[in-house]
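Input: structures, listed below.
Each of the two complexes below includes subunit A, the first together with subunit B, the second together with subunit C.
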Partner chain A sequence: MTATPLLSVTDARVRFGEVRALDGVTLAIRQGECIGLVGHNGAGKSTIVNVINGGLTPQEGQIAADGAPLMHWSVTEARARGLRCVFQELSLCPNLTVTENTRLMHRGSLGGWGWRGRARAVISAALDTVFPGHGINPAATVGALSIAQRQMVEIAMAFSDAGIAPRVVILDEPTSSLDAGLAAQLLDHVRRFVGQGGAVILVSHILGEILNTATRIVVMKDGRIAAERPARAFDTAGLVAAMGSTAKAQARGTQGGRDAAEVLRLTLPRGLPFVARKGEVIGLAGLGGHGQTEALVALFEAASPAWWPARDPAVTFVAGDRRLNGTFDLWSILRNMSVASLPDLARRGLVQAGAEAARGAEWKDRIGIRTPDMGLSILSLSGGNQQKVLFARALSTRAPVVLMDDPMRGVDIGTKQEVYDIIRAEAAGGRTFVWYSTEMDEMTLCDRVYVFRDGIIAADLSGDAISEHAILAASFAGAA
Partner chain B sequence: MRWRPSPEALRLALPVMALAALLVSVFVMRPNVMGYNGLHLLFKLGIPIALATLAQMVIMSVNDLDLSMGSFVSFVACVTATWLVDAPLIGALMLAGAIAVYAALGMVIAARGLPSIVVTLGMSFVWAGLAVLVLPTPGGTAPGWVAAVMGARPALMPVGIAGSILIAVLAHLLIMRSSFGVLIRGVGGNERSVSRAGWSVLLARGAAYATAATFAVASGITLVGLMTSADANIALRYTLLSIAGVILGGGEFTGGRVSAIGAVVGALTLLLAGSFLTFLNVPPDWQIGAQGMILILILALRLLLVRLERRGARA
Partner chain C sequence: MSLLRKPWIWSFVAAGLVWFVTIMATGGASTIGLTQATLTFAAFSVIVGTGQMFVITLGPGNIDLAVPATMTLAGTVALKYMDTQDALILPGLGIAIGIGIGVGFVNYALIKALRIPPIIATLAMSFIIQSAAIATNRGLRIKPPDAMADFTTGLTLGIPNVALVALGITGVAWVVLMRSVYGRQISAIGQSLPAARMAGLPVDGLRLATYVLCATLAAVCGFLLACFSGGAALNMGAEYLLMSIAVVIIGGTAVAGGDSNVPGIWGASLFMFLVVSMLNTYGFGAGVRLILTGLIIISVILLASGRQGATR
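Then we have the complex of A and B:
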């Protein structure tokens, strides 16, 4: 721990308008350590990550690399020193192949005749090292890959070596789209990489990953470092306490019953049929990418007319990939929220500004959107708060069924608890929720769980039969 | 695993089939076209249209659109028919300056985040005005070397077809296979990740616009070589024709999804559609509408293909 830090940030301060995103953060990254970075949404994790990777210059504070203070720190400089970053939202070019993306990521070191062969070798080697048996063809267009495969490519890209070896790799929620097996492969590789003298900053909301992988854990809160200790000095409860939210035990209430009215039905070509009843919270479980999202989209399309919107919407949708199909980036928070229920807020075709603002204020309080003004741009919010706006958009409609496509991706525990409570309250009021999630904890909150495997429903669990063991058993072929 | 054609191949198959279908229809209606001279006349204008379409494709690969393509090609044609004949050095400098203006436009658009449609719409009037200044009345002559190249009669196939194939191959190498091509398509696909990797999006856009202008200059020069004279309105239709050609050839308006070979095939298909309608004795008044119908028909087929593609990706 006495070695010169590879990279250090001293007393960094960043303000976005009125918001203090970083309020004096000092962080040093040394060889052979994996720093686990945890905190609420809006605690400053993404901001410090952006400062470290050169994407953001702090208004105050110094950055030093290999012990020498730097006057000028930029993305180019950071990359030249072997710093790599995997961002929370996927950032490959979907129109290019994996090989072509590799060429772009290694700007100065792959050019010239025959770059395709070199780029293919570089990315194949990295994929084979991080995710043995990945089955990804480097000639495939990224847009044609599944979201998990895209994340695998992006992670492998960060660990790939084309002249400048990676020394510090920042992983921001790297496992959010990976299933358990792939996540384990990645974390194994992180340990290996750190063991060989590399350094990793791991941002994750899955505390188990942090506790098992990191050597040192940094807890952030309100733009400051709230706690910084070796990983073995923490346990889950301690981490949650340091983040400032309390882990509540969730009581499962079985509101919807087998005898309630059926509101949705989807017959899949094979496997068990999908049935949803009034007031039920239905979980879609299973390994990532086994047909859950497709089932949600099929449910949505089956229940909503294609040509003309119905006066009374039957279903509403909460997107998981909010950049792709969630937020309107140029609109205000209020507009983003009210867009799904404009007919309810309109009289004679004109939106009533007063009614819209009142609806916005109601949901701002109810779901706890942390903003001084609903008129600000949606992008002024942190990721978790943006997701809350999408929830408010869906819940403020009159649709009796809410479809949710892994909506809690990258959302902090405090926010989750608040949303869980709202879901339970709405379900008690007779709403039906169909909820795809990659997190086991969320499945135990459901009244009933359909476990997907290879695109079909492999199991239908309800009540006390919902357990981690039962879901895992149904997720893996031959395990049941 | 069963072999499945790649999405790119499927996308390219449609314009190729459309071109083949039109060609067969033309052959059935006018069997005497099926010779060297017939094909020469049919595809005579193929080279300039293909070049203009490629120019538009390069602009579209960085998520922009060039509404000044037609007036720019007209301006180039006017310069070619006058200055490039009388004072080749000054003429060449004028064309090089025009390319530099395009590069500067691309960088201004990137730096200020301007909508390319508005900027190029404004520039279309500038180019149109300059064209009239250079050549107030129709006329001029083609430079000798241009006329010689465009009037060549290669042994195997007419110059229109041979030239189009050569251009398609060169553009494919530049845009689809080279690092430079990957960079500009990457800007179209995800600008942020390109700049995060340390590239300058400003320079990339500027280079893309300069490349497009180079193709457009080539289009104007070859057009004069075929027509042997120029006027300020000679290529105004190229704006819409080039956009339609890119889309027909499998390109998209956004997302950096383009195909160089597809763009050339798309341009030739549109060219042939014009002749096809003439052979059908469709009155000229109706031809543009009928050409639009052909375009809609092909794009409807493309939607079907996209569905197939999705199904393929899911399986």
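Then we have the complex of A and C:
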């Protein structure tokens, strides 16, 4: 702990209007360290990350690099000193190829004749190092890649070396779209990188990752550092306690049975058919990008008319990719929430402002949307709270089936518990949930799990047969 | 002041200014005449502009370039059918509306079934409609029924009747856009089509309805304009292509969709007519007049968008 920090932030304070995002945070990053940063949504994790990477100037506080205080700290300055950041919201240009995106990222060092060849070499080397056997073609357009592949490219880009070697890499929820195998590859690389003298700040809601990877863990709460200890001094329970939430044991529901009424069916060209019954919570598992999202979209398209307004909506959808098919950025929180149930809130075709506000207030309390006013812009909320709004949007409809496309990306553990409780309560009330998730823990909360492999349903697990082992076995069977 | 933050206020400020400058030039002699003429001509832009605004609300790329041809066809066919008889006015109006509905359906069918971008689909459609108008009209100029001619050129309490019709249409449009389920839903589509779809909105139905609404308003406008100007002419819609888009943009509606407003269309329509009147009053030649019109439009758009950028 005596080495000069690569980078240090002293007593940083940031306010956004009335919201105090950082309230005196002091943090130092040294060589050979992996700092695990945890905390609730809105605890200030993203804010401190933005202060460190130069994207946000704190109203008070100091930043020093290599022991010398800095007057000007900016994204450009940070990059020149070897600081890289992988953002929670993916930031590649979808209309450009992987190679072209690499060129953009390394503006200073990949210019001139023959940049295409050099950029391709740089990104290929990085991808091969971080994700051996990745199968991504650097000439592919980013928009054509799956969300997991995009995240892999973005991560590899941060670790790539095109003149300025990476020294500090910030990973903000890097595994949120990766399946277990890819996440393990990434965390292995993080350990290697740290072992070679690099430094990493790892932000994650998956506590196992933090405990296994970080050397030091920093717990944030309400814009302050609530605890800071070596990783070995923490265990899961201790970490959850430090964040200020209590993990509850989840009871698996028993409402949806084999004999309940069938509400949804999808016949896939091959493999087992998909059947959902009233009151069931059905998980879609398997490795990322093996047809789960496609199955959800097919279910949605089949049950939701595109030409006529449905008198009684049959299905509702919770998006995982908020920016692509989730939020309406010009609108308030309230309008974002009510958009799926407008006909219910209207009389003679006109939206009743009173009914809409009442519905908004009800769900603001029920799902705990942290905002002083539902009339504020949706963009004023943190990512996790925006996701809560999408949940409220879907759950407040009358649709008997809720389709969820990996909806817990970037949601903190306390919120997850609240949402799990709501899902269980709604399922007990007869609602059916179809739930795609990349997190194994969530699959064990389901009544039944369909395991996808290569676009087809490879296994149908139910009750006690659902386990991490069984799901992994079905995900890989036949591939070896 | 909250009124100053409204994007549409600037089109009214500009219209008021130009009105004042024009009045100054004539020493106040033609105040009433100028105001009535402005209201009359603005009314036609307002009606087509309202339809165009709904389409533009649907988001980037959505536009109806078949508006002028639809106006011409509706005016031509309706006048030919009515054949100057007062008794056939209502069926004539019905035919105009029917043409609008039909054009809207075909427009969206081209966009959806053939996956042609709206700008190409509606432009191609406008050639077909224009040809149909030429085939029906054959260069004849049929007079409108007397009652319609009187109504469209007449005044009620000193206000031109067509302006009152346009006011009624925009009043309904305002309520629809701001308060109705439909208005909320098309604003959602304009912000993000995939998000609107996954929120369960019947996006194809809503977009179809919007293209039909736009073409129908264009047809009604064509019907009124043909009656007002004493007969349908084949080029009568021409100037409304640019006009219908300009009044929406100058009025402060977001070109990127999802954020529209109705009052601005009135401000912008009044402004557009007044600029031409002002330049005429000051005796500029045709060339100078066009250049100045362009410059003035650009400055108003800059002013309005600058204000918006500052308050967001």
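Just so it is clear, the second predicted complex is superposed on the first by the 477 of 480 C-alpha atoms of A that agree within 3 Å, B and C clash if a C-alpha of one lies under 4 Å from a C-alpha of the other, contacts with A are read in each partner's own complex, and residues count from 1 in each chain.
Assume a contact is a pair of C-beta atoms (placed from the backbone, for glycine too) under 8 Å apart; a residue touches a chain by one contact, two chains touch by 3 or more.
Because the structure is predicted, anything quoted here is derived from the model rather than measured.
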item	value
Clash-or-fit label for the pair subunit B, subunit C on subunit A	clash
Which superposed partner A:330 touches (first subunit B, second subunit C, both, neither)	second
Subunit B versus subunit C as contact partner of A:55, first or second or both or neither	first
Partner chain in contact with A:304 - subunit B first, subunit C second, else both or neither	second
Partner chain(s) touched by A:339 [first = subunit B, second = subunit C, both, neither]	second
Partner chain in contact with A:71 - subunit B first, subunit C second, else both or neither	neither
Interfacial residue positions of subunit C with respect to subunit A in the complex	175, 179-182, 184-185, 187-188, 191-192, 194-205, 208, 258-259
Subunit B-facing residues of subunit A, complex	55, 75-76, 79, 85, 87, 91-96, 100-101, 103-108, 110-111, 115-116, 141, 144, 294
Contact footprint of subunit A on subunit B as seen in their complex	7-8, 177, 179, 182-183, 185-186, 188-190, 192-199, 255-257, 313-314
In the complex, subunit A residues that touch subunit C	300, 304-310, 313, 315-317, 319, 324-331, 335, 339-340, 342-343, 346, 349-351, 393, 397, 399
